[in-house]
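Note that the chains are named A, B, C and D in the order they appear, and that numbering of residues resets to 1 at the start of each chain.
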């Protein structure tokens, strides 16, 4: 499998075109044939009552990891957009980095579906903090 | 129906305890017997490729509107947490404020479920930009 | 708005082509500009522990109501298929008919999204038994 | 890990208490520490337009596989009920048996969350026909 975008290319798109991802401290760590690893670098602004990480950080991480995964498979099609995202929050995250591991479930011509498992950095792989599935719509090639 | 929290009380909780909501420009507009209206006040940082609003802003808005709705029904139980959120993105939002309208579907002792419809400010009510459902877990009273 | 299929036309498709809907006792009651009303006619086979209706009956009802809704808007495009369905079970259904009320959230060229609220026949409109959202993929016109 | 219910015990509950699962041709194949394998044994009544399997069969299979998984972890707590199920349909199933592979994502005291991957019997493991996540509410022990 050929990877159609590098970590550097993805980060260049984000730094120019997706400022909110930068505000969320998102950092793409790895693109491979297995999937994509993305990190939300901890900021105190992520905290919510209970000493844990606010849900929108995890939703944003899941969505961005899936976006990077799709671009790595189809190339820099920036106009790919989320049509559906469903997330289950499973275990209370530690107040630290959160890591998202995105895998493709189906890559079609019109729709791509993936699952994203989220962990606390340093936490057990057996106790993910959240699990999401996301569907993206891929615009017709022009 | 007695409303158990005011707009001011909610905003006080958020400004002290949920800094990320402030970064997202979220502003609670109204709590009523029908539900809750919350606004994501536009910032250029919300943009994504396509000249539209990034998905995580809308997910954060939906989640926060549901949180405010629950607190308005059960009082300031800050430890209520999202267990599931599912969102469908429907129409491309304008580059402006997004408004979330949250209604309760079920308020149980352990779980609360609501739906949140999102509109572009100034856009048609017939063309929502997104629709979400969210489930919160309510901690046992102590 | 022109309705593109009648109750009779829908029932003809189902009786020939969707035998499982018949096994589930599904009956289309009404197609209108507002949406579609479908009924799952009670059978003892629907029961599950707790003296209530098994979840798959409600999932099947939601899915079929959405299918009828789409066909009523685009005509008898039988190959429209569900891509995503998310359902929240809210209140315990009575052991009787269940009624599904489907409304369109977005009708696009490639995707249609709707919401379906389910009630026990004779139960309160304030206490739906379930709420679902469903996305269908619409095949390209040939 | 101790398995709290056997295949035979599960099938006894279903044959007495969940007649609809029998109508759907569901057969529990294996309970293990990894998870649960359940099969929907093909009937012509499963077909839908396109020569493929109707969605409700797959939703029922996913829901039942998750129910068996939970009972295998907590014992025969028949009143465990689905609170949320979200399914993505990925690839067109063959007209034959469908197999569901359920794994636990989180087993809490009040909620259990799992994921269920569905395959066509004889089809590629690389091309699942559907993927679901389901949350069950576990009643308080009495």
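Definition applied: a contact is a pair of C-beta atoms (placed from the backbone, for glycine too) under 8 Å apart; a residue touches a chain by one contact, two chains touch by 3 or more.
In this text the structure is predicted, and so the values were computed from the model without any measurement.
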*Would you kindly say which chain has the C-alpha centre located farthest from the C-alpha centre of subunit B?*
D
_Tell me which has more C-beta contacts between its two chains, C-D or A-C._
C-D
*Using the average of all C-alpha atoms in each chain as its centre, how far is it in Å between subunit A and subunit C?*
33
*Between subunit C and subunit D, tell me the centre distance in angstrom, where each centre is the average of that chain's C-alpha atoms.*
22
*asked:* Give the residues of subunit D touching no fewer than two other chains, as numbers and ranges.
replied: 83-84, 86, 88, 135
*Footprint of subunit D on subunit B - complex, ascending*: 83-84, 86, 110-111, 135, 137
*Residues of subunit D touching subunit A in their complex?*
86, 88, 90-91, 105-106, 113, 115, 127-128, 131, 133, 135
*Spell out the residues on subunit C that touch subunit D in their complex, using ranges where they run on.*
13, 17-21, 23-24, 44-50, 54-57, 59-60, 63-64, 78-79, 81-89
